[in-house]
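Two complexes are shown next, each including subunit A; its partner changes from subunit B in the first to subunit C in the second.
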Partner chain A sequence: MPEKPIKGEKRYFMTGNEVVAYAALAAGADIMYGYPITPQNEIMHYWTRLAPRYGKDFLQTEDELSAGFTTVGGVLAGKKSFTATAGPGNTLMQEPVSMAEAMRLPIVVVIQQRGGPSTATVIYSQQEVTMTTIGGNGEGFRIVYSTATHQELFDYTIKAFNAAWKYRFPTFVLGDGYQAKMRESLTMYDPEEKGIPIVPSEPYVGKPGVPGVDRPPGQYRNTYNVEEELYEVVENLARDFNAIAPEVAEYESLEAGRSDLVVVSHGVISRAVKEAVSELREAGASVGYFRPVTLRPLAEKELRDAANKAKAMLLVESANGQMARLIKDAAYGCKAEMIPLYKPGMGITAEEVAAKIRSILG
Partner chain B sequence: MSLQLAMPKSWRVDTKPHKFCPGCGHGLVLKALGQAIDELGIQDRTVYGCDIGCSLLSWDFFNFDSIQTHHGRTTPVITGLKRANPNLIGIAYMGDGGGYAIGSQHLVNAASRNEKITVILVNNTQYGMTGGQMAPTTMPGQKTETSPYGRDPEKTGYPTQGPEMVAAVTREGAYVARGTVSNPRQLRGFIKKALENQIQGRGFSFVEVLSTCPTNWRTNAEETWKFVEKEMTRYFKVGEIKVPEPRHEEGK
Partner chain C sequence: MAKAVKIILAGEGGQGVQSVAEIIAEAANEEGREALYIPNFGVEQRGGVSVAYLQIGDRPIGSPKFLKADIVIALSDRAVYRTLKYVGPETVFVYDAGIKGVEDVIPKSARKVLAIPALQVANEELNPRVFNVIIMGAVVRATEVVSQDRAKDAIEKKLGYKFEKNPELRDLNFKAIDRGAELVTGLV
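Moving on, here comes the complex of A and B:
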């Protein structure tokens, strides 16, 4: 049985879903639990074709609740476990994710956003930002990477497994239907050959020895008797999450501290924004961009710095202000005026962004 | 003569006395489970999952690894765990609300897939932890907080026949039984056979246990015992429903 799916560096031309399946293999994932929903299905299709060749496993469950909770079980057994979903499936996924949040279980969830609310479209949106970052009955103690390219889908899927097992918070790769289905070029690699160490997994239960005799039993709960007991738990979660935030938070920016207008976007839309900003800068416009790569936690310091130096921020997203809520919350009290460009469930082109920038700068 | 502690070896002594109400059947079920695990010598590789509802009070009951999950979700957590590490013995412990209402899709599908896990479901005919509401197992005419004039089967159906349902969706290799806290010796035997079925990798194993809830039934000791022994058994037949032997096939 070949041990590694990818050796050396190699160029590929494939769909985003296929990239995720390869990246999970490269990251050392052991088992995927999944339930069909468009547009993530091909992650399962490729995983089920690849997995047996590398001694990996798959279970198709009865729904996304089960997919999420079996993933939780896989992690408890000490295996790198993941699932993938979208839309209404993401809604159901919030229940197991909240358990993972409460108990610091490093599950990895890949989301390929589709239209919402409800069944909506199977095609594309950025409308699962609120749910993915702060969904569930909790406080949003999770790491969310929003990817823009197939290269990033590969890089950040590997990073998601490492971050999950290093920090022990549930971790999302937030893609979308466009990234899931389109084909583009990327370079795949074995992370360890590139100097990216793979964070090992370890079991929570079933460790060697007789519990109560050779070792204390590993007993995990998420329910508490009184307010004070819970308060202490949540305070600890918040403290730990805030402590790792500066290390985890990632962003990209161009002239964000030196431009009158800063365009903020995430995911696939940031590609249109970059193109529009570069084009207008060449024409002499005072415009830059800021793109959070992690939506949870946000690179708050850098974002606030940009929001204090710019006159205005243009918030561009394929949702009705879901990213904007995160940005405005983080930039509360900063001086930049916040201008929306929201197209829920629709793609946004560089031309549209450029036209909006021109209308703002006059 | 010193008093012998009648606790199974696999119980955690430092978490006793347990947290269940006086007269609750959970203690008897968990004693039978502890004894079965002692007899099988599997304390070191048992992983115990408990649901939401009164069953969650058992999260630190035993000296083996345990996970308290969400309402109805213990079956998929133990399924995922067993799939990831088949060497573990996975036990999902839940009430009738968790198994037959909110988590019924998980129970049916885990049984259909013949997951190599053991589900122990405690049937006390109502939701205990939330204060005694009607459950799928509530008896016709039984008064609960959400059926204050008695359960009307015309409007809300008859009690769920859980083991019969599980037996119907499983293939040979599965083990399905219904025990009762009024016969602990028999119950211990059923649970032991269910665990043996998992150890031998034959298939899904499921034991429903008829149990008591004097707090929400508002019954004294005598009435409690009468209800579990006489009333509940009118709808819920105690015994083995499916044992892991191949079905008889014509011409073989």
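Moving on, here comes the complex of A and C:
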């Protein structure tokens, strides 16, 4: 069996779906469970092409419900398992992800957002933000990385596996159809050569010895008889999630504390925002940007700081206010006026963002 | 630094616009430039107009798609209609001279409109199979996003295994690049 898929550092030019498959390999994933849906299909295609060469496995299931539950099963058995989906598949995936949330299991799910609601388009959107951050019949105890470039798709897919197995919360890489299908350059590397250790996995069930005698019992439950019992479990989940939030939360910003207007965006849209903001700053405009990299948990302190110092925040997204809901909730009571630029299911260009900024600043 | 050059290539399925966009993007990447290429894709399995969005520059590229292109190349009548929305006052609009019945819809507002006889050159001088390579030569010369030599290197990289078996194919493809370039020389 050939050793490592990637040695040294090398520049590649490929699609985002291909990047994810390589990143999962680099992160030490053992098995992918999946069901085809555009625009994530090629993650499966490339994984199935690469997997046999490195002793990895793949199972195609009958739908996304099953793909999610088999991923949970793989995790329980000690395998680094992941799945990938989009749109209506993400909807079905919420049920197994809720189970992982209940059991504190490290499941990794890659989402390539497509248009919604329902079948809609297979192309692109940022309309799976609400579902991915706080979907399911729970409290949204999940880690969600929203990527913008192929480099980030690689970096954060690796990070997602490590975060999932370190913190044991469901972890998402939230991409989109554009990132899935476009080609651009990135540098791939072996994480361990770069000083990024891979967090090991272990089986959660079927360990040797008698539970409670030779080892502590597992207690992987998603069913409770009484309210008090559940209440205690959810309170513990909330406490643990809040405790890790500050070290998990990531953001990027430019002059967010020193500008009249701060443009907030995430994912692929932040590329257009960065371009627009830098161009207008060169022309002397008092404008900065704030980009949450993690949509869950949010970098609340830094966001609130920006929202208290700016006169206004321009919220830009390819959805009808899904990111905005998260931002407004976190920035509740802050003084900045919140101005929307929403284009659900459509890309947004730097020119459009720049025009909006000019109209606000006057 | 100059902004990225924005290119739209559109044609019927089988005309090879996606291959052309991909090869140019890879050639630019090989030169160490920033390149981003994305095809259109939808639920149709066949029968749609194929559109390639290509951007090449020296800084990280912003959004993958764009509103107005610097150059639009339309290779069928349907592709002409489909790409009209990407034409602004700064756009060079290139279409194949063999496309009939589109005279009235060709955008008057474009910076420049060029009808090039690519299909005719392919059929009469070279080979219908290298039609898209002629287009590639025209795009490369019109935009100067990569050199003609680099474009040939990229073709060699892609089809080298075929050229090994049949060296005449290499000459044919390289000639197609040069002829494509000639079609727009001095016109853009």
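In the analysis below, the second predicted complex is superposed on the first by the 351 of 362 C-alpha atoms of A that agree within 3 Å, B and C clash if a C-alpha of one lies under 4 Å from a C-alpha of the other, contacts with A are read in each partner's own complex, and residues count from 1 in each chain.
Going forward, a contact is a pair of C-beta atoms (placed from the backbone, for glycine too) under 8 Å apart; a residue touches a chain by one contact, two chains touch by 3 or more.
Only a predicted model underlies this, so the values are computations on that prediction, with no experimental measurement involved.
Student: Clash or fit: subunit B against subunit C, after overlaying the two structures on subunit A?
Tutor: Aligned on subunit A, subunit C fits beside subunit B.
Student: In the overlay, answer first, second, both or neither for which of subunit B and subunit C A:G78 touches.
Tutor: first
Student: One more residue to check, A:P344. First (subunit B), second (subunit C), both or neither?
Tutor: A:P344: touches no partner chain.
Student: Check whether A:G321 is in contact with subunit B, with subunit C, with both or with neither, and answer first, second, both or neither.
Tutor: After superposition on chain A, A:G321 lies in contact with neither partner.
Student: Give one of first, second, both or neither to describe whether A:P5 is in contact with subunit B, with subunit C, with both, or with none.
Tutor: neither
Student: After the superposition on A, what does A:T149 contact: first (subunit B), second (subunit C), both or neither?
Tutor: The second partner, subunit C, only.
Student: Under the stated touch criterion, which partner chain does A:G257 make contact with: subunit B (first), subunit C (second), both, or neither?
Tutor: Neither partner.
Student: For A:L65 in the superposed arrangement: first (subunit B), second (subunit C), both or neither?
Tutor: Only subunit B is touched by A:L65; subunit C is not.
Student: Per the contact definition in the header, classify A:G209: touching subunit B only (first), subunit C only (second), both, or neither.
Tutor: Once the two structures are laid over each other on A, A:G209 reaches subunit B alone.
Student: Measuring by CA atoms in the overlay, how small does the subunit B-subunit C distance get, in Å?
Tutor: In this superposition, no C-alpha atom of subunit B lies closer than 26 Å to one of subunit C.
Student: How about subunit C: which of its residues touch subunit A in the complex?
Tutor: 22, 25-26, 29, 34-39, 41-43, 60-67
Student: In the complex, go through subunit B and note every residue touching subunit A.
Tutor: Against subunit A, subunit B makes touches at 10, 12, 43-45, 47, 52, 56, 59-60, 62-70, 73, 76-85, 87-88, 105-106, 108-109.
Student: Sort out for me which residues of subunit A touch subunit C in the complex.
Tutor: 11, 13, 38-39, 121-123, 149, 177-179, 181-185, 268-269, 271-272, 274-276, 347-352
Student: If we count contacts the way the header does, which residues on subunit A are in touch with subunit B in the complex?
Tutor: 30-31, 33, 57, 59, 61-63, 65-66, 69-74, 76-79, 81, 95-96, 99, 203-207, 209-213, 217-223
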